[in-house]
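Shared between the two complexes below is chain A, which has chain B as its partner in the first and chain C in the second.
And now, the complex of A and B:
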């Protein structure tokens, strides 16, 4: 077995993200993931190629989408002898798949792999009413006429109302936005700074499209060639007019503008060993150096739902002998503008460092000019499991463009918060 | 896309005198833009992925209304009701993007005798950006009708089908398949819609559209098809609804040999895909 090695990020492909019930209203997760894998295969000449593995996933999944990623591989131009599996870790899914694939490459178990994610809010699974489902399961298991009749007596008219997936935590009953509003209040995140971050996200994304940055990262799909949510001309003044939708009363600051909308889309990243990339005459944009996943007790503990990265990043930095200031790019997923701002405030806070992180000093402030420089989820939208792939490919290309910095390789930090109180963070190094 | 009025007109017009030669005319629609929701509905019914590139069989449904217009006309020598689709050949010169405006042209040719009556080809051509991108030839048989003898062989040899056990899939084709395909293709021929209307035309039950079976078979090869291809299909025994049938597929050079049949007995379709 070879020594461990750093997995190379070779490139990525995604479809433009569409607003829910927009351009992709009729496309399924399987359609979008297959199109995205085909686009990746076309870009890197992988048609008919056996890849080490494809790890993918979706957060909102129909029961028929068992082994969704394998099905997508079978419908794609990749060789059908490419194995695949599904991962589900809320909004951390996409980055976690990249970590899993990169780890297998690092161990020499595979030479190449694809990390992918997809989600649709338009073609979301609507299930049978759970009471009705129980009646039907009992009926199915009934062996005698009497047992069948007894099961049927459980039928009620109200059971015709189906189960619709809600964007809410099962244990708290609060939506992600309501949870984020609690954190925003705790960290005194203001309305204006949220709107400013939102404007920056839209402007950065628009500028990145305008300079052709996404030409080799995005493949048009169903008539869409840019993210449907992108509003290049938005402004703090325009955003100020929106009414808060999460939180209550005076302290409510989160609007539809400074929160990510429900979105449809898919993204994939091609990873490999340096040798595999060289054999296939493919570029190496960056290497995945290390990653950390953390989780917090947001149910009965004192941490917010989306605050696990607050803990994951310091652990990752310590293990790698780095400080928060040692990065050239920061990709902090914009679930909500307030989430990003609360994260930055927590890292700057001495009390938080001491009491919660057990550190003598806070992580410190970051140079805001290095934050989400090609736009992030507020502008692109956020098809849950697709966001990790979008960010990894974007950051890898940014690092590659940057080249070396003062004799060292350029460095980027990814931080993705996820439902369930989890967070996935990673370090990439430019090549 | 209801073609029911055309069918009605054709049914009424099927009585009385008809022309004995093919009309020398073409029907066309210029600048046709693909309706993406219709395309998605077609893809769902036939099993194709929702994508930007048109399924190879999709332009057939764009041309089909023009075919019906031509065939429903009294100047057409064969009565539309009772025509049986026996052969279909599609050539895709390159992948067609759903965003491309398309020019669709249809004419009839090769009106010749068939051992069981008379046959005619409806030829559809689709151009994009001034160049031909798709060609479809649909051969229909009118049992008992008469036509001039063909100069040569009226029909090239049918595709061979698959010998041996290359089972690719078992399809449980439900009773609503004909109605669903009628909904996306506009082919509302009553033999496909309901057992009762099918019985009126001598079928024991409703039968699947040949072009649904042909589309479904091609969709099963998703990811394994060249962008440019020729898909040659010969239709065999009608596929009665509902049915459980088998798709057999075997690689043949850079293409495929296919057939759709019951486990024992009837062969519904044999086909080849060639790059």
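And now, the complex of A and C:
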């Protein structure tokens, strides 16, 4: 067995993210993922190339999308001898695929791999009513005319109402926004600071587009060449006019502006060993140093649904002998502005450190000028499984641009919260 | 079916009986195709040095010598020895029976001398060939063409090979009535990287790296396809907004897509850095990216003017400047700039476009001597009426007129432009530089 090595992030590709029922209203997950893989192949000259593996996934999946990623590979210009598998870990899917592929590269099991994610809220799987499904299954299994007639007697008019996927936690019945509102209240996250964070996200994303930063990260799709949700001219004043949509009464601060909208899109990251990259004359933007996944008990315990990264990051820092201040870039996924702000407040809070993290001192404050400098989900939108790939490729390029810092390699931290009380975090090092 | 319905209909005898002339279906190149579909007639007038070379080239290509009567696929005359009007009469003597025997999509190719300023009659006779060939091009029928190579007295016989091969082959289907100068090659006649390739004639660009701007669609996409077919690794460049079709082209040709707005100040640096990192060499640069913003001069605003000049000319100047200052371009480097017959003849509503394209021609002529000592050639290809998405949207009347006012009575295809670019991109075409080759079927515009 070879010694472990750090997997290289070579580059990425995504399609611009579209608002649900917008530019990609008629595109399926398979369409978007295939287009994204093709864009990646074109950028790196991979047409006909056998890649070690492609790991991908979607949060909202049709039953027909069994082995979605493999089907996308077969429909793409990558060699059909490229294996693929699906991963599903809510909004953590995209980053988790990158970790899985990077680990195989680190172990020497593969030399190259693609981590991908896709989601559509426009082409969401609407299923048969559960009652109707049971009747039909019984009918299918019936062996005699009598049994068939008996099964058909189970039909009721109400069964015509389909099962629509809901953006709600199965165990609490609360939507993700309602959960986030509880956390915002707990950490006293104000309306204005949420709106400020939102404006920064839009401005940073617009500026990154304007300077050509995304020229080699994004490939236009179906007529869209920038993220549809991007509002370069938004302001705190404009956002202040929006009515809260999550939470109740005086304490309600979360609006459609400072929350991510339902979004369609896909993203992919190309990873490989340094040797593979060199053989293919491809750049190494960064290395994936380490990753950690945490989960919290948001059902019966006292933790919020989207607070698992609060635990994952300190564990990851400790294992790597780093402190929260040791980073040049922080990519904290903006599910909601309040989620990012609550996360930062918790890391600054001595009581939280002592009681919940079991640490003597809090992680401390971060330099906000290093946070989501090329925009994040509030501006791009958030096609659940695609967000991880977007962030990994964006951060890798930022780190590569930054070069070394005071004799050491530039460093970036990724933190992504996910439904089900999970969170995936990772450290990237610039090259 | 092509999008030229009249041409398709005119293949039908009944339609022709109504008085519609047959619009020829041109012979076009496909890999593995013989150089010519029949025998060739080769002659010489005076002390020509090239006839033997051409006979050897044809023999290599398994093309029979046209003995006796019967049709000929090509008639090639080495008229480089023409110095007097009597010599000129001998040219006529060769051509008259040859033209009668010329097959459909046949080739009339003359090699003439450069006018000798020291000998008035020789200069007159040399120039006379120009008028003769251009007129012959208008007379030959059924998709046949006539072209003239003006050969520099110091050019070694082998220097003409690539031009002779191109003008005889189906690759020059829509190049008609053209005069191209062939000089002493500016550098090595072969790219060492392609020497090991067993089929250098079939894949003349094997091992070479080519950048094509504006490659997402139309003529640019055809150029990417053709260069890749001939063996080149293609870096397909277009504006980020065209990225979706660009990636399709790049994947189709097994190349790479580079989304880059060539008008940004750092575009040349980014382009060169990208090619250096990803390929480590550069052999061919095709400046194809171009836009139109038509308006009559009286209504021409600064935005339309600036936008067209920025893409069509300013960006090329900047990239060429960077190529001059850099050593990335190999010693068989080839720069090919897409101009336009609008830049030669002018076109109503296109003062900005025609200015930019004429500017490209001026740029090419000024750059050629600067690059020559490095073995690099710089040429322009000027398309005439080409059947593209853009011309497909023209009003029917304008489109029909544009299509028919040339000796081949039809529009060209994007691949016709691409084949000419491919020929100029070959290491073997080192004797052709500072030239403007029109791909226009001998359009009456700018003739």
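By our rule, the second predicted complex is superposed on the first by the 431 of 431 C-alpha atoms of A that agree within 3 Å, B and C clash if a C-alpha of one lies under 4 Å from a C-alpha of the other, contacts with A are read in each partner's own complex, and residues count from 1 in each chain.
In this section, contacts are C-beta pairs under 8 Å (C-beta built on N, C-alpha and C of every residue); 3 or more make two chains touch, one makes a residue touch a chain.
All values reported here derive from a predicted model rather than from experimental measurement.
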| item | value |
| --- | --- |
| Clash-or-fit label for the pair chain B, chain C on chain A | clash |
| When both partners are placed on the shared chain, which of chain B and chain C touches more of chain A | C |
| Partner chain(s) touched by A:283 [first = chain B, second = chain C, both, neither] | second |
| Which superposed partner A:122 touches (first chain B, second chain C, both, neither) | neither |
| Contacts of A:228 with chain B and chain C, given as first, second, both or neither | neither |
| Partner chain in contact with A:44 - chain B first, chain C second, else both or neither | second |
| Touching partner for A:255 - first (chain B), second (chain C), both, neither | neither |
| Touched partner set for A:415, first chain B, second chain C, both or neither | neither |
| Partner chain(s) touched by A:218 [first = chain B, second = chain C, both, neither] | second |
| Which superposed partner A:30 touches (first chain B, second chain C, both, neither) | first |
| Contacts of A:204 with chain B and chain C, given as first, second, both or neither | neither |
| Segment of chain C that clashes with chain B, given the candidates 167-175, 383-391 or 401-409 | 383-391 |
| Those residues of chain A which chain B touches in one complex and chain C touches in the other | 35, 38, 77, 220-222 |
| Chain B contact footprint on chain A (complex, rising order) | 26-28, 30-31, 34-35, 38, 74-78, 80, 220-223 |
| Residues of chain A defined as touching chain C within the complex | 35, 38-39, 41-45, 47-48, 77, 212, 214-216, 218-222, 225, 281-283 |
| Of chain C, residues touching chain A in the complex | 236, 240-244, 246-248, 250-252, 254-261, 264, 277-280 |
| Interface residues, chain B side, partner chain A - complex | 36-37, 40-41, 44, 49-52, 98-99, 222-224 |
